[in-house]
Amino acid sequence: MINIGIIGSGYWGPNLIRNFIAQDQTNVLAVADLAPERLTFVAKHFPSVKDLYVDANQIINSKSIDAVVIATPVSTHYDLANRALDNGKHLLVEKPFVASTSEGRALIEKAKKKKLVIGVDHTFLYTGAVEKMKQLVDSGDVGTPYYFDSVRVNLGLFQHDVNVIWDLAPHDLSIMQYLLPESPATVSATGISHFGNGLENIAYLTVNYSDSLIGHIHVNWLAPVKVRRTLLSGSKRMIIYDDMEPSEKIKVYDRGVDFVKDREDIYDMLVQYRTGDMYAPKLDPTEALSKMVDEFVGAIEGNKAMRSDGVDGLKVVCLLEAAQKSLAGGGVAVEVETV
Amino acid sequence: MINIGIIGSGYWGPNLIRNFIAQDQTNVLAVADLAPERLTFVAKHFPSVKDLYVDANQIINSKSIDAVVIATPVSTHYDLANRALDNGKHLLVEKPFVASTSEGRALIEKAKKKKLVIGVDHTFLYTGAVEKMKQLVDSGDVGTPYYFDSVRVNLGLFQHDVNVIWDLAPHDLSIMQYLLPESPATVSATGISHFGNGLENIAYLTVNYSDSLIGHIHVNWLAPVKVRRTLLSGSKRMIIYDDMEPSEKIKVYDRGVDFVKDREDIYDMLVQYRTGDMYAPKLDPTEALSKMVDEFVGAIEGNKAMRSDGVDGLKVVCLLEAAQKSLAGGGVAVEVETV
Amino acid sequence: MINIGIIGSGYWGPNLIRNFIAQDQTNVLAVADLAPERLTFVAKHFPSVKDLYVDANQIINSKSIDAVVIATPVSTHYDLANRALDNGKHLLVEKPFVASTSEGRALIEKAKKKKLVIGVDHTFLYTGAVEKMKQLVDSGDVGTPYYFDSVRVNLGLFQHDVNVIWDLAPHDLSIMQYLLPESPATVSATGISHFGNGLENIAYLTVNYSDSLIGHIHVNWLAPVKVRRTLLSGSKRMIIYDDMEPSEKIKVYDRGVDFVKDREDIYDMLVQYRTGDMYAPKLDPTEALSKMVDEFVGAIEGNKAMRSDGVDGLKVVCLLEAAQKSLAGGGVAVEVETV
Amino acid sequence: MINIGIIGSGYWGPNLIRNFIAQDQTNVLAVADLAPERLTFVAKHFPSVKDLYVDANQIINSKSIDAVVIATPVSTHYDLANRALDNGKHLLVEKPFVASTSEGRALIEKAKKKKLVIGVDHTFLYTGAVEKMKQLVDSGDVGTPYYFDSVRVNLGLFQHDVNVIWDLAPHDLSIMQYLLPESPATVSATGISHFGNGLENIAYLTVNYSDSLIGHIHVNWLAPVKVRRTLLSGSKRMIIYDDMEPSEKIKVYDRGVDFVKDREDIYDMLVQYRTGDMYAPKLDPTEALSKMVDEFVGAIEGNKAMRSDGVDGLKVVCLLEAAQKSLAGGGVAVEVETV
């Protein structure tokens, strides 16, 4: 059994606790949170968790804990993670991995030396929807990728320690990076902060790959409805991934681009709604987090790297940092660090 | 009766012909098109049109024609329009108005001198949906506007003389300009051309207004489904305008932003789909083009300026030009000419 | 050329006129309507129609007319049709064919003797959607049909000469009859008349076929939104036909019924939204009415019977009559006349 | 504290366990299920439940248990409930309440004598959606109710001890009964059993109230997608309740019926999608089951009857019994027992 300690039990924490309890090879020994009422919540819902701490150090320094899960604000990730590595713990870190690329590089180096696992909780990579997209891209069904366009929009709510890019874009950036075969060259970002706190609540990121591949991400805290909609378009097929759809999250459209020569044909097409057949494949309904927990366990046991390890987490941070710089420069293209 | 000559009878031309025929105070005397098969089409569907010409000059030089409608590729607008003004014709020009701001300024000046009307066919301004949005903004129901975000995406089809910005963005830019009370300061644009012809088929425009207002437009010829979806968000209410919805094109959401203080409240909100009541007002179902034709007639009769006159058309061209420059500069913010 | 006279130019009449004008082998010589303002409408929109009459007899008795199209209230169909046949005209009759099975039998007999064509305007049979469903049933893709369930619901509007069954159900009954391989045995109908005129504005029809096939139709004039949604389910596949969907009218679901043995599997399925892959085939976008007009012309030229000839029209009337009797009997099952 | 024993831990049981654990005034002492693997499931997920039994009698006979929750197949309800009442336990029974009206009457009588509470788990009555509909009906906003039409359709899955009417229709019948101010007079039911076991898997129920009110319910186990869609229409407003909609479950349409006099107006309306404004009120997001558990506790404490007590449960059984008889009689109208 792998003994787990979880630091941070806010919005997402209980999902981590629940899945580590359900995993056959892990034991949740302890949970830490600065807020006593969150510990009361954990005690009530997860009576099997033995130790509840206000002080995260009791987890980091515990002899009996093998792996530490960090689900706290990003500004605290590096320090907690670094000390946990020092104490020989494997790590699973909530997204975004860290607050800067230098922090990320340092942690990866240290983990490598100490042969410890770092996983980053890019949950979406483990959904049936993203797995299906990955398979469609890798099999060549999509053809040459042309663009990745993602909208992630939340309900008029914010009170955060980071801007909307660092809060929401890691989801889209991790999916994009996982699916696309190329490495990003530059990022151009624009955005706005409406509430005088200097934290953007709306942002638009253009990620430039090569001459024939582009990514774009729209993240927004100030919307009337939740939208999570991604278009992935290639030379052969186009995919719409709508995470708000209950039953048809992935739609695959058969035809790509048409070079229509005849004017009349163009007029016909302009009044149509789509071209080609569409199909909506059945997706694996397994909870994404449970698959991630399984991969984390597998990585610790030395079987196989996670699909979202520290390096993947760092790549996302490289994109976030470039976006942040571009935002400061009024949208100018900023080079993305390579990992 | 106002005698109308229509130059260009491609995809949109027949709609113009039909509406000018239906208008009580106008007569469609002549239609010109370089393609004889389009003239055959017009002859069959609009037998009341007397004269069909291959040569547009026969319309421009006709003594009996009072107003010329130009529905040709944008590169030809200036020359046709300029000569029509010289011959004392009123003008209705398809969007985008002209290919450059200097062309637009010259035409507006000449029309002013000769007391001729210039209208630009920004059809969307005349839809029940945009009229309702205008009313909600002007009445203060929306509160202080925070952002305008529009997606206009077409079916994997292109074979055009201009890039996707000049083709599709005029719709969104004209709506945005009509609705928002401020003037745009700068534009940052990114995009890509997939097919080696140097014409972008995907583009993203950020339009920066003041510190608290931003616009963004996503135009794309390479999508599996048609999308026309606009979010207009203010301090009091948020509007979703989905032009593909058959019956509920406009949805108005009651609540704007929340500053939630309590962590538990935030967790609750994160799992909700929306906040506040929504209502979908009944919209005027009158065909937009027929209202535009009525306003064009009214302007000629000296009653009232059109909501889309030459100046409005020019403002859109100023935005297009700035976007084009930003695109060339890798997304750098470019100042928008004032009109 | 086949010379056409059209009697009745109400809601649907102009569509018939337009399509007969567009057909290469037909000529619309005359249109008749009791209401002069409808003739004015026809004159304005279809200037090529030579003769406009208030009196339908001028069409029925015209020497130059080869085929008569009847688009008047159903109570007038028999008399107009009977006299047109007497004068040697081919017939295309708006749905429902006639007001009683005896009227229908008499017309069919007479047409047979005089070798004249009777077509019934069951337009939906000519849509790309119904054609695709027909193909999926006939090819065996659907497997053994299990049920046909259709909802056709209109906007709180009525002022009719017949009840909602005779007004709306002919659409569904004709589609059902066209698709299903069996003949209906009995009909049970229930319904209600809200407005004291004795005409039901809501009705439910159960059409019993054999032991393993059932049909059900819900027609309603009193709904807040238009619904046209049909489920056709078989042992292998299930089809949803939603005519209000702009782009995906037909969805085909891969899996039929499951006999799940294990309780846990059942619990899993209860929380799922669907089973199996779905695909939405591209449909023929040709206007249905133009295909029907083509088949009518083909039938007159002796090539091939229409998919909606007099016999098909009569079969629908048999179902309507049985439904009417069941309604009077409080829902008791009433045998359907065989044709 | 009220000590609870729960008999049956199948699909729905865990939800009951979870909510009774979460309720402040209740304690889940014991759970019984014939299947040992379900008890293992309970042990894992609800470690706070002390006693797990294969034999339900250990709950019924326990001295320390105050209230028994019965979530077993309906055929066992009467016997378990009857003996629990004999032992002085309050009862919460899963829907449908019992297998016959005589069983229901006997239980209600006994509970009355012994001053014990009977609740029936008509969960939907406690949803924010049904609460909002109730409020709109009771306030007069809907006007005189005209019809209630409900479709409840499940995924090609069945292996049940009862037919689809007894399985699914209790939901719709309980909602209908809760919302409508009249008592039902007769029921006409049709249906079919596809799989040779004599249990209908599709059924249609017409519930006749007075001359101006009708109900209809379509229940079906054999569908490609889940549908839960109810129309409630009145003289002033119409409501659509779509339980599959994530964010807009209730839509209220402003206008009811129109008596349009003018033919042209009718033609206009025929091409529209709806009439009047629509609004989608924000609904109470509290879990329905937790509100039901609260009301059950309140009823035991003598505060207030539940909105779904034994009498309500019996009324639903009266409708089910009438439907069953009508089905056997080929759809003939069968009188509904009064309670």
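Side notes on the structure shown:
Each chain carries a letter (A, B, C and D) given by its place in the written order, and its residues are counted from 1.
Operating definition for what follows: a contact is a pair of C-beta atoms (placed from the backbone, for glycine too) under 8 Å apart; a residue touches a chain by one contact, two chains touch by 3 or more.
Since the model is a prediction, treat every value here as computed from it, not as a measurement.
The fewest steps needed to get from chain B to chain C, moving only between touching chains, is 1. Comparing chain pairs A-D and A-C by the number of C-beta pairs in contact, the larger count belongs to A-C.
Using mean Cα coordinates as chain centres, the one most removed from chain C is A. For the pair chain A and chain B, the distance between mean C-alpha positions equals 37 Å.
Remark: chain A and chain C have CA centroids separated by 52 Å (rounded to whole angstrom). With each centre defined as the average position of its C-alpha atoms, the distance from chain A to chain D rounds to 40 Å. Along chain C, residues 225-226, 244, 246-247, 272-276, 278 each make contact with two or more other chains. Here chain B touches chain D in the complex through residues 246-248, 254, 268, 272-282, 285, going by the rule given at the top. Interface residues of chain A facing chain D in the complex, by the touch rule stated above, are 47-48, 225-226, 244, 246-247.
Those residues of chain B that touch chain A in the shared complex are 10-11, 35, 37-38, 146-147, 149, 151, 154-159, 186, 188, 190-192, 194-195, 202, 204, 206, 208, 211-214, 216, 218, 220, 222-226, 231, 233, 238-240, 244, 251, 253, 255-261, 263-264, 266-267, 269-270, 272-276, 278, 326, 330-333.
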